[in-house]
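Both complexes shown next keep subunit A, but they swap its partner, so subunit B is in the first and subunit C is in the second.
Showing the complex of A and B:
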């Protein structure tokens, strides 16, 4: 343990950016015009609707975790452990739901599975039905979208865990007479626990803060994120603050519970053995069946993307009662590229995501150096603080930052940033601290400290060591974290809607504006562009990560 | 492809270039930030508006041609969002003009001292009903609420003629409407129902009973205009309550929409415009307000994007035909907009808690 001015400074920076804004929201919820009051809290707890909304948020999030896990983890085993034709390509395609753009991505579901969507209409024609066999709304619809877009976390995390797994442990279990099932249950799954817990946490927080799906499908079904927006629209500012706090409290309880189940982290990193090789399926019939199933699965998973592309090619309002669009056009894309006003949001999003990503990576490197390499006294606190934004749904974070930075009081660390170009990139940065820091800290932990020491003993300065030794070795971790952070910032909707200005109007707000028009084709075209850029960024990240 | 490989190899080999690659996003971002902060020397005029891209783009192009030294920057959002934003930016106002939204919302802003009085020269040529107190805001267009329907699915003679007809058992589950909490038009219609009940019985209960029956007819409350539009043309429902300009715009784009002006009277939203307190360029903002109410501005909006002019002095022969048709059939509901501004949020809260989703259970 070393005393360090750097450690103290970083702790203060993180408290200022992460804890302080949340504390202000908490204070706002128990403060009225005449001083401290519990009136709004009382208004909250006595309203059954508020409890309904909170309960709705909670059980939807828990169910999303279960569903996403049930889809994601087995998929990871299939793609990491079985060898069949097309495995590599399919393995990448299966991760694509992560680049589904906000709002229009959800609307694509409506065109696919909704009451007047492609699938119900096909079923209707086949079975001779008059009306759609189902309606896509309420909790079921929200869960469908969540399971679809969040199983990717389980899939990616479990795959990464399986790839690092030591085969000798599995072999040892087998040689001790354990059956395959028992080995899986007693050895493999426990070893994967940190990854599964991390994915569960991410899924839980993402669905707790999820806005697009309840906004599009909710109808009468209440969750807290849409409830907060409604309360603000009904001008009960203080009640909205109480609701925000209630959501944050649920999130913190979730964080605490999941941290407890995460288990000791060192298990997975302890050994340096070889991961088991993927099992080649030898029997041709089984082989082709597996491949066929894999391709069919990928096709189903890519249907929403395909639907979005389809919608972007439909001339305004021409697709009415037909199963498939009767006419196609590239007009939506032409309009997008020919009107300079429409490209501005794209440029805005790109630079803001780039700034936020660069900033958060630098912050993570600083944290990694202090926590892992120098093991400063405040190391534990710093790591905990980098995790706090996990526990804060995007809506809550945006409200907290908006509250914090709308007052000019430099003496207590508050300046006016609301309405400036700074606030949105800053919000993206704060939101992405856990993703980037998680990745970079894990990278630091896999570094051999002797390399660093060697460089220092050979006379390299601190900066030189960092630039020439540490950063190059950390490249996979940095690129993985940066890619995820960049994509998250690029597609962000919930934080942006509260904080954007004319100069920082991002893609998601442009999509919302097109949906207000209502010009769904152009909105879809914009969504497709966003999807391609995100996929490109992820591909670059994964290339360097492998 | 070769270049890519070479680049990748170089990245692998040389730690120095690694350093550059890490900083690349940083350099890029500085470049972008510089590009963003550079203005072209024109005076920026920031307008918050729920009017939608069609009208706003038109206004931008026309106004900038008229005043080449002005850069009109509009942000398109719901009218309630405008109020929310103007409120939260009180200490550091970002916008100069609030363009569009029902007067009840402008009144809320006026109560919070978020507006500055300005009486445009065209104010005298408009209805008194569109004038805010103390010259704080003025109606720039009139927006009647209508009963709209999918004209491919329904003929004009089949469509409901009045609000009461919407409750006909025939339309049960055929009504798709905007979520009233997020929509100024819907709030005006709901406000009309409650005010009628107040006038007739001195109490709001009858109004909420009526809204409960409406809830039973409603298939879905849609948050987003695009979704409402899609659900109607794809016939998930055939009937909606909407505002006239949107329906006319959609129809002009070839969409299958028809509308009826309710015979017993309909709320005519006084679609306002106002100066925001603390705006940076009040003089340019005043010029914009003058332009919106000028004969050119009014006629352009009426011809291109179907806004009902607020000016009464425009020559008949220069107005498009639809204006006289609508004006002839329009029965204006006597609305107490001040009451709606004061009580509206409370009524909607009650509706949200005790009416939404409960009509069918009766």
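Showing the complex of A and C:
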């Protein structure tokens, strides 16, 4: 343990950016004009609708975990363990919902399954109905979107776990006389527990913080994230603070409970063993059935992407009652790229996400150097602090930063940034600290410490070691963390809606206002651009991650 | 070849120059929490010779090497090279080369770039790298990537990289432990020949006694952070200073005995054997008698009685494990000299005796 001024400085920076704003929210929820008061809390607890919203958030999140798990885990087994035609391509396609920023996924669902969406139109025509067979709204609609976008966590985590599972453990169970079912139940699944628990945790936290789906589809069904934003936009500041605190408390309790079920972290990591081989399905009928089901699944998963592209080609006001749009144009894209006012949100989103990503990566490298390489005295505190933004829903963080940076009091570390160009990149940065720091710290931990020592023993100074050895070797972790952070910032909706100004409005806000006009073609075109940039960033991240 | 030897060369190896120490460890102590990894360790190494630090895991040998390299800072004591105190110097300023246990070759650089890494600022980088690769018998390997090399080749590149900047001292951390046994033997010979050519003063850490004896001019045996003995390989093997050294270095049987007079010990209440010991022995004193398998032999009468418990073949000969009342002996003899289960008698031409430690 080394004392370090750097360690102290980084701790203070993280406390200032992460803990202090949250603390201010807590204080504001119990403070009125005449000092401390429980008045706002009373206003909150006596309102049934507040309880309903909180309960809605909670059960939607738990149901999302179950649904996503039920879809994602079996899919992981199918694609990791069975060999059938098209397995590799399908296995990659199945992960595609991940390149849909939340708001874009929601509007794609709207165009596809919403009341005037393509699927209800087709069914209406086939069955001769004069109106949509269903309405896409309420809890069911939210759960549908959550299941679609979050099963990927279970799928990817379980697949990674399965791929690293040591085949000799399965063989050992078989040699001890265990049946395949028993081996699965007693060996394989328990070994996957850390991965499944991690996916459950991620799904729970993402659902709890989910804003886009309830905002667009919620209707009369309220969850706490939308409740907070509504209250805030109605300028009931104090009530918004109490709501924010209530959601944060639920998040912390959920996090704590789920963390306890997580178990040991790396039991499934193999040391020298071979990962299990995929089993080739030999019977032709079974082979083609599996392949057919796989392609059907892929088609369902890709429908939202395809719909988004289709709708992006619709000229304004041309699509009324037909099943498919009657006319197509690339005009929406041309307008987006050629009219300065249309290009503005894209440029805004790109530069703000890029700045936030660069900032958060530098912060993570600093943290990695202090926590992993120098093992400073405050290492544990620093790592804990980098995880805090993850434990609070995006709405909570946005409210906290909005509160913190709307007062001019430099003496206590507060300045007015709300309404300036600084606030959104800063908010994106803070929100992405856990993602980037998690990736970079894991990268640092995988570095053989003797590489660093070897450089030093060959006479290299700190800067040369960092530039020539550490950063090049961390490149995979840096790219992975940066890609995730960039994509999250680029597609952000919930932080933006609370903190944007007209001049700094990002794509998501523009999409929302276009939907209201309604100029669905342009909204979809923005969605496609966002999706393509996200996919490109992820592809770069994954390429260097290998 | 002379141009690559640098200033570190002095005299032929095998006959270390003994005029004053080149490297001195003075009363080094290093604690991790409550645990003293190295305790009051003093050693000196003459210019041009190789010191092997030998001990089981946890003996403090790696910590000692890291203290030397400057990766750890001692709680007390100092590291002195040519009379100059290095203790406060950062690793980069010490000009010590190091070969790491897992080689620590930079995976994103090729062989040339690895070897050249320590040569920044020199004008003759390409020449120097070529010379070093020739020294380790890998000419023309410069453009290979690290993962294209076998384990033995990686080890040699690591050596070339460490030697390239002409360090004053070379540190080797278990340099052969990552190789499979067949390769280890050959790589050991190559390492020995390369070090000989350069004539650099070196410190090697190993838990393998064969390695320490094959490479070391001096062997220091450590246990629990303390130095038990330092000497030439024959010294350590033939005149072990402690019971631990006697049993850790080479195979040995241990019997309980009682001193008859200095140099003579009655073993297991029976025969009297001639022994050597590091300290004078008092008559009547309880001792541990250490017998090497190669000096123990079966005899028809007048030996220690026991029963053959196991036999391990070594080609035409075998090592027999003989259980006696006073402990277990090992005897090396012709493979057919006895069978498992036979009652035998064993005598020894020569043994070592150490005062028996009361069980703590």
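Just so we're on the same page, the second predicted complex is superposed on the first by the 514 of 546 C-alpha atoms of A that agree within 3 Å, B and C clash if a C-alpha of one lies under 4 Å from a C-alpha of the other, contacts with A are read in each partner's own complex, and residues count from 1 in each chain.
Rule of thumb we're sticking to: a contact is a pair of C-beta atoms (placed from the backbone, for glycine too) under 8 Å apart; a residue touches a chain by one contact, two chains touch by 3 or more.
Note that the coordinates shown come from a computational prediction; the quantities given were computed from them, not determined experimentally.
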Simultaneous placement of subunit C and subunit B on subunit A, clash or fit: fit
Partner chain in contact with A:450 - subunit B first, subunit C second, else both or neither: second
First (subunit B), second (subunit C), both or neither touched by A:4: neither
Touching partner for A:52 - first (subunit B), second (subunit C), both, neither: neither
Which of subunit B and subunit C A:373 touches, first, second, both or neither: neither
Touching partner for A:460 - first (subunit B), second (subunit C), both, neither: second
Residue contacts on subunit A - larger count, subunit B or subunit C: B
Which of subunit B and subunit C A:472 touches, first, second, both or neither: both
Which of subunit B and subunit C A:354 touches, first, second, both or neither: first
Touched partner set for A:110, first subunit B, second subunit C, both or neither: first
Superposed arrangement (fit on chain A Cα atoms) - minimum subunit B/subunit C Cα distance in Å: 6
Set intersection of subunit A contacts, subunit C complex versus subunit B complex: 468-469, 472
Contact set on subunit A toward subunit C in their complex: 448, 450-451, 453-461, 464, 468-469, 472-473
For the subunit C and subunit A complex, residues of the former touching the latter: 69, 71, 90-98, 100-102, 104-108, 117-118, 120, 161-162, 165, 171
Subunit A-facing residues of subunit B, complex: 8, 15-16, 18-19, 22-23, 25-26, 28-29, 32-33, 35-37, 44, 46, 52-54, 57, 73, 75-78, 80, 84, 88-89, 91-94, 108, 152, 181-182, 220-221, 223-231, 233-236, 250, 253-256, 345, 348-349, 352-353, 356-357
Subunit A to subunit B touching residues, read off their complex: 47, 49, 107, 110, 115-116, 137, 215-216, 218-220, 230, 232-236, 316-317, 319-321, 341, 347-348, 350-351, 354-355, 357-358, 361, 402, 406-408, 416, 418-421, 467-469, 471-472, 475, 478, 482, 501-503, 505, 513-520, 523, 543
